Each structure stands twice: as C-alpha cells, then as structure tokens.
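The following pair of complexes shares a single chain, chain A, combined with chain B in the former and chain C in the latter.
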Partner chain A sequence: MTETFGGLTQEVVSGIALGCIYALIALGFTLIYKATEVVNFAQGELMMVGAYVNFFFVSALLEVPLLNGVWAFIIALVGAVAFAVLFGAFLDLIINRPLKDEPVFSVIMATISLAIILRAVMAVIAGPMTRIPPSPFGSSVITFGGVAISTLDMFIILSAVVLVMVFYFFFNRTKWGIAMKATSEDPMAAHLVGIPVKKVYRNVWIFSMVVATIGGVLLAPRTLLDTHMGFLGLKAFPAAVLGGFGSIPGAIVGGVIMGVIETVSMGTLSFHFPWVKEINDIIVWIVLIAVLMIRPAGILGHEEVDRV
Partner chain B sequence: MLKLIGVEAFYGKIKALHGVSLEVPHGKLVCILGANGAGKTTILKTVSGILEPETGTIHFDQQRIDGMDPEDIVGLGVGHVPENRHIFPELTVYENLIMGGFLINDKAILEERLESAYHRFPVLQDRSRQLAGTLSGGEQQMLAISRALMLQPKLLLLDEPSLGLSPLLVQEIFDTIEELHRSGVTILLVEQNINQALRIADYGYVLTSGKIFLSGTYEELRREEKVREMYLGEGKYVRRARLWGM
Partner chain C sequence: MKIRNIILLTLLVALFLGCAGREPTPGVTDSEILIGNIQDLSGPMKELGMALPHGSNLYFNYINGKGGIHGRKIKMVIEDHQYNPQKAVAAAKKLVEQNQVFCFYQVIGTSPCEALRPTLEEYEIPLIAPATQSGTMSDRSRRGWKYIFHTDTGYDKQANILVDYAYEQNGDAKVGVIYQDDDYGANVLKGIAEAEERHGITVQKEAYQRGATDFAGQVMNLLKGGTTHVIIGGVVREPIIVMKTAAAMSYAPQFLGISPTMDHRVVLGAGKEGEGFIVANFAQLYNSDAEGAKLYRELFENSGTDPKVMGMYNFYGFMTAMVLVEGLERAGKRLTRARLIRAMEGFKNWDGMGVFPGISYGPSDRAGTESVVLVANRGGTQQIISDWIE
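And then the complex of A and B:
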C-alpha cells in the first residue's frame, strides 16, 4: 500500500514537473494568440530551438577549462535567453508584421511552415542524431519521508513557479505588462492612448520565445534532445484549450493537469489496468473532450464564443 | 490648430471620405454633424492616425501628421475619445487611467493627473479597483474622457460622447465638455445630439456621404432650412421619394 502510495506520489510530482513544461509552452502560445490573434503552430519548435541553442552553449562552455560546471549552465542559460530575445524579435519581423491582419488561414500556413523549416534547419545544424543533454543535477534524488523525488523535477517545478510569479508581477504591476493586456483587449484603443502597439507585439513574440526556450531547457534533460521534440509542443494546444483558450492562468492549470494525467496513466493506472496502456497516447484528448462537454469554455475560460 | 485639406479615405475598396476639408482653430469648439454612416467617425480616425488617408493632408500645429503612427500623433497632443468609449473592460479603472498616461515617464506628473481625473469625476476614484467593464455606461464615458485627458491634450476629439446616456448624464457630459473648452482645450466634437452640440459649439460642419455639405456658426446653420428639417425636428414631413433617396 505504502509502496503504491510512494509510487503514485512520485508519479504525481513527475507529472506536475512535465505539466509545468507543457504550461510554459501553452503560456507562450496563449500570449501570442491573445495579443495578436496569431495561432502559432510553431510554438513547440521554438522550444526545440531554444533547447538546442542552450545545448550548444553548454557543450562549448563545459570545454572551457577552469569553468565550474554550474557556471557553465548559468552562462549557457543567459546565452540562450539572449538568443531568444533576438530570435523573438526576428519572428515578429518575418511572421507577425506581414501577416497580422491577413486571413487566419494564411497565418496558420505560415506558422506551420515555420515549424517545418525550423526542424529542417536544426537538423542540418545539429545533425540527425539524438543528443543526451547534460543535466546539472545528474540523476540525483531528494527523499521526503521515504518518497524519492528527482532533483531535476523539483528544479523544474520551482523554476516554473518562479517564472509564473514573475509573469504575474509583470502583467499586473508594470506599465509594459498592463499595456500588453490592454493591447490584446482592444488594439485600437491602445493606439489611441499612445501605446506603441508594434513594440508591444514585438515584446509579445520575444516573451513567448523566451518562455519557450526556458521550457525547452528544462525539458531537454528529462527527455532527449532531437529535432522532433517540438511535437511535444502540440500538447500545448489541448493544455491551452483545457484551461480555457486565451486564458493565461488557464494555460498553466491546463498544462499541469495534462502532465499529471499523462504520467499517472502511464504509470500506476497502466500497472493496475493494463488496457489503459493501449489508450495512453489519447488519454489527454479523451479528458479534453470530456471537460469541453461539461465546460465548453474550458476550466478557467470565459463564455466568450465570438473569438474561437 | 487642425487643418484637413481634401482628405479621402477608404475601407478596403469602399470610399468613406470624398475630399473633406475642415479647420479647427486654436481654442475653438467645432462640431461635426451628420447622419449615421456619413463618415464622421472616419474623419476622427484619419486625424488620430488609426486610418491613413489615401489623398489629402492633415496638419496639426503646423506639422503634417497624416501617415504618422497613432502613438506619435497622441504624443503631439491629440486626444481621442472614440465612439462607444472603447475602455479596456478587463483592466481596472485605475489601470485604464494609467494606460491613458502611458507616454508619461515622470511618476509625480502621473500621480497629479490621476488626482485631477479623480477630482473631475469622484465616482472613478470610488471605483478605481473595479474592472472597467463593470461600470455603467455613463461611468464608462467619464472614464473614456478621463483616460484621454491624462496626457492633457491640446486637441480633444470626441466621438458621440452622449450616445446611449440618460438625459441627466448627457447634461453632465456636456457640462464637462464646456468646462474643458473654457479651460482652453481645442475640441472637435461629433454629435447626433444637435441641439446640445450647436449650443456650445463655435462652429459646425454638416457632413453627408463623406462630403462637407454645409458649414457655419450655430445661428447660420439654424437658418438653413435643410438643417432644420434634417436635425432640428422642425421640418415639414419629407416627401417619401426623398426619404428613399430618389
């Protein structure tokens, strides 16, 4: 019994950690959608690119003699975030500006194309083989009352919580954060009060790319690094929809719920009910449909039908 | 202070303004009248840069502003209270006002402007932590005006500020407009409420189908039979054929 309980707790924590990463991807995705109404199907690939860039930095820095390992990880993260800032601004320039007011279909095609291009380009740069990214924590665990929890998972959860707190502060207490909300609510009114709307859009893309990068950096040591890891980003959609499409807290809640469901169904549930194994891949989608049947606007969504 | 010459504007392929020329002298309150769809809102949009005119020029304070970004036009001192208020419903009243002062970098000045907004409409202070979407129509209009006043604009564009308000509130809004006018703000007012508007306006333009049809002072416009028929409710019954535009 305690055995199962300990196992289940581990799974839940691991699921929350995975869910935090889904949440970060869904957050970036929701942010872009809310502010610019662009549905960015390349959000998972942005995460993949961020993870690779970080990996390149880490690999290079670990070669530097005298550089302590932890510092290598910190500097690499700073480097990856700096890259994300530039790359986000670049995406704003090539995707958002030309396509913002174009038909939804063109925009979707553009972001799908972007996803394919990013995968191909990264495959050329990084080579086809899967990489094993070094983790600053190795496979160490922390034990709480007999339950062993991976240090990496704890770190992921902690980072996500800190990040969400930073966002909360940004969106509710800073001028530029409030301006982002204002712009996504009513772009015309934002123009009329003097908010530099184009800069806000650029910041949204930068923000979204940075979040995706951090998600990728956290995810890479859990899975492996390959150019198809962006497909995981597809799970940002059910996460975003589950929580309530267009709702930022919803994206976070939806992501975490998905991570937990997935991990527990793959672990304990599959162990006790072997048939669950067969539906593992689709279980989050089943839950998604069930939730939408009860609450069409998602868990934290408003009953706002006109946009979706 | 504001001068439009031969402004033409389009929505896609639809031409909404057919060469509009008008002038708002410094310190004056000028009113644009016209039926629904005449193009009144469109004129204000071209002034604040939301819509770029296809041809024609717009000068503000000797400076050419057509083609400039809206935030730069706002920065020059043009405040715009749009039709239907367009407050930010999911932001608090306080945040709406802060957004009105987005271009102010000095905290002390921002505080001062906030104080004077609360002083002008105390109800906004009472509701400062409430989401703006929960305000009544009249309160939302007060918020929209206050938001535009945060930057102390030299020219204020007001688009049907009395729309949908009770007579008492209409009076309050017009009192505010008159007070602003007296304090030296130049105002371009779009109104359907023609009696009220012409009473306080220095000058009026009548717009039909994207063209200036008439202009003059209140007295001059009053004397025009067409204006009385169309707007002042004093006219004879219009022949049916004319009603259908034949």
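And then the complex of A and C:
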C-alpha cells in the first residue's frame, strides 16, 4: 500500500511537470484567443522555433572563450526573447492584419499553413538531425520524501505558474490587459473609444511568441530538439479546452489535469489493471468529453449568453 | 538465290525471336542500372532519410568510379514517404511506372515496407535490404515474401538474445521491456514471447506511443515490478529519457537496447545516466577494424562531407549498398529481376569485407543475418563486449 502510494505520488509530481509543459503551450493558445478570438494552430511550432533559436544562441555562445556557461544561457535566453518579440510582430503583420476581417475559418487555415511552413523552413535551416540541447541545470535532481523531481522540471512548473499569474494580473488589473479584452469583445467599439486595436493585436502575438519561446527553451532539454516537437501543441489544445478556452488559469488547470491523468494511467492504473494500457490513448479524451458534457465551457471557462 | 533468301529469312526470324525473347528489363540500359529508394525525408525519421542514402551513395560512387557493375553505373532515385505507409505505396508505384526502376532498395520503416508487399507481388520487383530490423521482413507466411531480402537480424531475435544475456548475467534476473506501440514494438514482443516460453518466465511489458516525451509512469511500473534488466525498444529520444527518468528515481537496472538505440547521440544525450547501457547490433561498428569499415571511413573522408554525418546510420546505408552491389554483380551481365533474385538466393555466409556476421539466403530463406554483437557504453564511448551471439 505504501509502495503504491509512493509510486502514485511520484507519478502525480511527474504528471504536474508534464502538465505544466502543456500549460505553457495552452497559455499561448489562450492569449491569442483572448484578444482576437482566433485559435492559433501554429502555437506548437512557434515553441519549436523559439527553442531552436535559443539552441543556436547557446551553441554559439558556449564556443566563446572566457564566457561562463551560466552567462551563455542567460544571454542566449535574452537573445531568443528578443527574436520572439520581432517574430511575433512579423506574424501579426503577415497573418493577423491581412486576415483580420476575414472569417475565422480563413485565419485558422492560415495558422495551420504557418505551422507546416515553419516546420519545413526549420528543417532546412537546422538540418534533419535531432539535436540534444544542453540544460542549464544539468541532470540535477531534487528528492523530498522519496519523491524525485529534476531541477529542470521544477523550473518548468515554476515558469508555468509565474507566467499564468503574470498574464492573469495583466488581463484583469492593467489598462492594456483590459484594452485587449475589450478588443476581443468588440473591436469596433474598442476602436471608437480610443483603444489602438492594431497595437493590441500586435502585442498579443508578441506575448504569445515570447511565452512559446520560454516554453520551448525549457522543454527542449527534456524532449530533445526536433522539428516535430511542435506536435505537442495537439495535446496542449485539449488541455486548453478542458481548462476553459480563453481562461488563463484554465490553461494551467487543464494542462496539469491532462498531464497527471496521462502519467497515472500509464503508471499505477496500468500496473494494477493491465487492460488500461489498451485505452491509454483515449483516457484523456474520455475525461475531456465527460467534463465538457457537465461544463461545456470547460472547468474555468465562462459560458457566453447571447441576448436576443 | 533461293538458298540466299532462305538464309536471310532464317536470320530475320532468329532476330525477331531473339528480340521478342529479350524484352528490355525496366531500369537497365547498357550504361546504367536505376534503383528506387523510398525514405522518410520530411517525417519523424527524416534524419535517417538523409544519412542512409548518403552512405549508400558513397559506395555506389566508389563502384561507379571503378567502372560500375558489368559496365553499368548505379543510379539511385529517392522518394519521400514521410513514414506514412500509404505514401510509401504511392511512391513505389511512381518509381515503377514513371521512373521504371529495376528494383527497390533500402525502403525505410517497418510499416511502410509491410505496406509495399502487394506492390512487390504485382510488379514482381525485388526489395533488397529494407531499412528495418523487423523480423517480419523475412516471414515466409506474408505476401510477397520472395521479393524481400532482409539483411538485418530481426528485432524479435535481438530481444530473444537480450533476455538470454540478462539471465546469463543474473540467474535471478527480472526482465522488463519498454516498447513502441506499433509494428516495431510488435516484433520486439514476438521475440519476448519466445524468450518467455524458453525460460518459463514472465517479462514485464510497458508500452509507449511513438513521439512520447514522458516515461515516468512506465519507469515507475518497472521499479514497482522489481525489474533488474530493462530492454528498451526505442530509437534516440526514448532511451535517453527513460534512463534519465530512472536515475531521477534512484532506480538503476541494467538497461539493454534494441539496435536502433545504438545511435551515438544516445550516449551523448544520456550522459552519466547512460553509462553501462548495452545494445544489440547486427553488424560491426563504423569505427571498427573490419575492412568494410575502413573503406567506409576512407571514402567518407575523401568525400569532404560534414564529419557529423559519419556514424551508424550513414554506415548502415554503406553496408546495405554493399549487399545490393554484390547481388547485382552475381546476377551477371544479362540483368533481370528474376536473375537478381536467383543471385541473392546464392549468398552463403557472405560477410561484406568483415562487416556482417555472414549473410545467407536461399530459395526459402530471406533472413540475412541471425546474430548480434553486444555494444556497451563505457565512459562515453561505445565498445563491442561480445563475439557474435546467435
């Protein structure tokens, strides 16, 4: 019994770390959706691009003599975030602005195309080999009460929590955040009351790209760097739906629930009930459908009521 | 005059019959043999899609430089299947009907190769050295078996040998396996089932989906099951994450790997957590003293290619090219698909300049090698620690 409990605790902790990875991607989905009501299906690929850019910086900086390893990682992160700001603005220019008055379907198709293009371009630039990015934390592990967690996973959890708090505060307590929410509700009305709608759109793409880059930087040493790492976005999307699409705390709640279910069903549940292995793939989706049947807007989502 | 006419007529008839009997073989001209290769150039195994054909071309160019095979130079056309079996079938039909290739060579992946079986039967076209170690490739109960010449020791055989090794090391061993939930894993499990029967044991089995990035649940289960030896049926990412996850849980079984985990990046990526990792491999290493390996290194260095490309996958392309060239040489000047098949069936313990343990085929045998060597990670370098094991 104690052994089962210990194993379960370990799986839950590992699941939380995995869930926070989903949360970081889901947060990117949420940010763009919150301000523009568009689902950006290239979010996973934005994370992949950010991770590669950081990797290029780290690799180059680690070659520089006299540059301390820690500083190389810090400078590389600053460089990657700077790139993310520029790239986010560029995406706003080529995806969001030309399509802002078009049907949502067109914008979604554009983001799917963007995902394919980014994968192909990065494969050309970076080559086909899977890269092994160095981790600033090495392989260090923290153990408490028999439960182990790597320093990298600790940072992933910490980053997800901090970013969710920052953006929650931003959207609910700052003028710019409220302006973004207003733009999402009614762009025309927002424009009429003096909100710089174009700037709002640009900033939200920049935020989304920066979040994706931070997620990619943290994720790459855990999963290795590959142009297909963006497919994790396909798992983060149901996490965002589960938590409540458009809800910032919902991103982390949905992500963590999915991560824990995935790890526990692969672990303790499969160990005691071998038939669970056969349905491992669909457990998360069963939970998602069950939650949506009870709460169609997701766990922390708000149902929209249209007045007639 | 009459006799002259009869002779002339006889000659014309003979010429006509001769031409009718010697319909040109697709893909073969007086100066060239065209072969078709279907790789994953833009899917999940794209890195192999670059490394394998590059290694093959190193050897083909070497042979072409020496005048080719019976005066014909080898030319390889490559199509992309993105590791998608349906796309592999479409690519194969294009290669046969449009490009008119003579034979298929080194198509990558178990599922794509399995999907090609009806196409091989339909066109009666051989597939030499499919780039997969699945034992199903030489399974005579499957369609189109007689057109496939498999070089590598199957995953099932490898898994069998690794279980034996675990019991040789420790009579009380408890063995577990982490396998990919697809054709690759199914073939590993086939070998595990055979080993279970032979040893009268039960191996703990943990599955993962292709592309998985977290193995905490599976590793925790192996820890709870008290496994002392864990066989990993993965490629590069999986063994690295599995070994690191286990180390984080202070769980230190002997990790053993099926041959795709032999990539040197596993050693690099796993770091100290990968120390002692033992992998089964069906051929000598690219940096070994085998004559074939020496030739590979020499040709590679002369080619001016980025040194990072040198490695097991690039060498794999090179080795399998040697198999195809040997078959084409043996098929003789009057090359046809049927002659190539007969020539391949004549291989008896052919070792490709010391690279293979000895490849043998026969009219009812399509499994090239049945042995492996064990390669261990010792201080960050891979070292062979055994003789050929059957």
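General remarks:
To be clear about the criterion, the second predicted complex is superposed on the first by the 302 of 308 C-alpha atoms of A that agree within 3 Å, B and C clash if a C-alpha of one lies under 4 Å from a C-alpha of the other, contacts with A are read in each partner's own complex, and residues count from 1 in each chain.
As a convention for this text, a contact is a pair of C-beta atoms (placed from the backbone, for glycine too) under 8 Å apart; a residue touches a chain by one contact, two chains touch by 3 or more.
Computed from a predicted model, the values in this text were never measured in an experiment.
Superposition of the two structures on chain A shows chain C fitting alongside chain B with no clash. When the shared chain is aligned, no partner comes close enough to touch A:Val107: not chain B, not chain C. Between chain B and chain C, C touches the greater number of residues of chain A.
Between the Cα centres of chain B and chain C, as seen from that of chain A, there is an angle of 140°, stated in steps of 10.
Of the two partner chains placed by the overlay, neither chain B nor chain C lies in contact with A:Val211.
In the superposition on chain A, A:Leu192 makes contact with chain B only, not with chain C. By the touch criterion defined above, A:Lys175 lies against chain B but remains apart from chain C after alignment on the C-alpha atoms of chain A. Using the contact criterion defined above for the overlaid structures, shared-chain residue A:Ile132 touches chain C, although it does not reach chain B.
When both complexes are overlaid on chain A, the residue A:Ile156 reaches neither chain B nor chain C. Between chain B and chain C, the smallest C-alpha to C-alpha distance in the superposed model amounts to 39 Å. Looking at the complex, you find that chain A touches chain C at residues 3-4, 7, 10-11, 14-15, 18, 21, 120, 123, 127-130, 132, 139, 141, 143, 148-150, 222-224, 226-228, 231-232, 259, 262-268, 270-271, 277, 280-281.
By the touch rule above, chain B contacts chain A in their complex via residues 48-50, 69-71, 74-75, 80, 82, 86-91, 95, 98-100, 102-103, 147-148, 150-151. Partner chain A is touched in their complex by these residues of chain C: 42, 44, 46-47, 49-50, 206-209, 211, 213-214, 216-218, 220-221, 223-225, 236-237, 240-241, 244-245, 247-250, 265, 268-269, 271-273, 308.
Interface of chain A with chain B (complex): residues 175, 178-179, 181-182, 185-186, 188-198.
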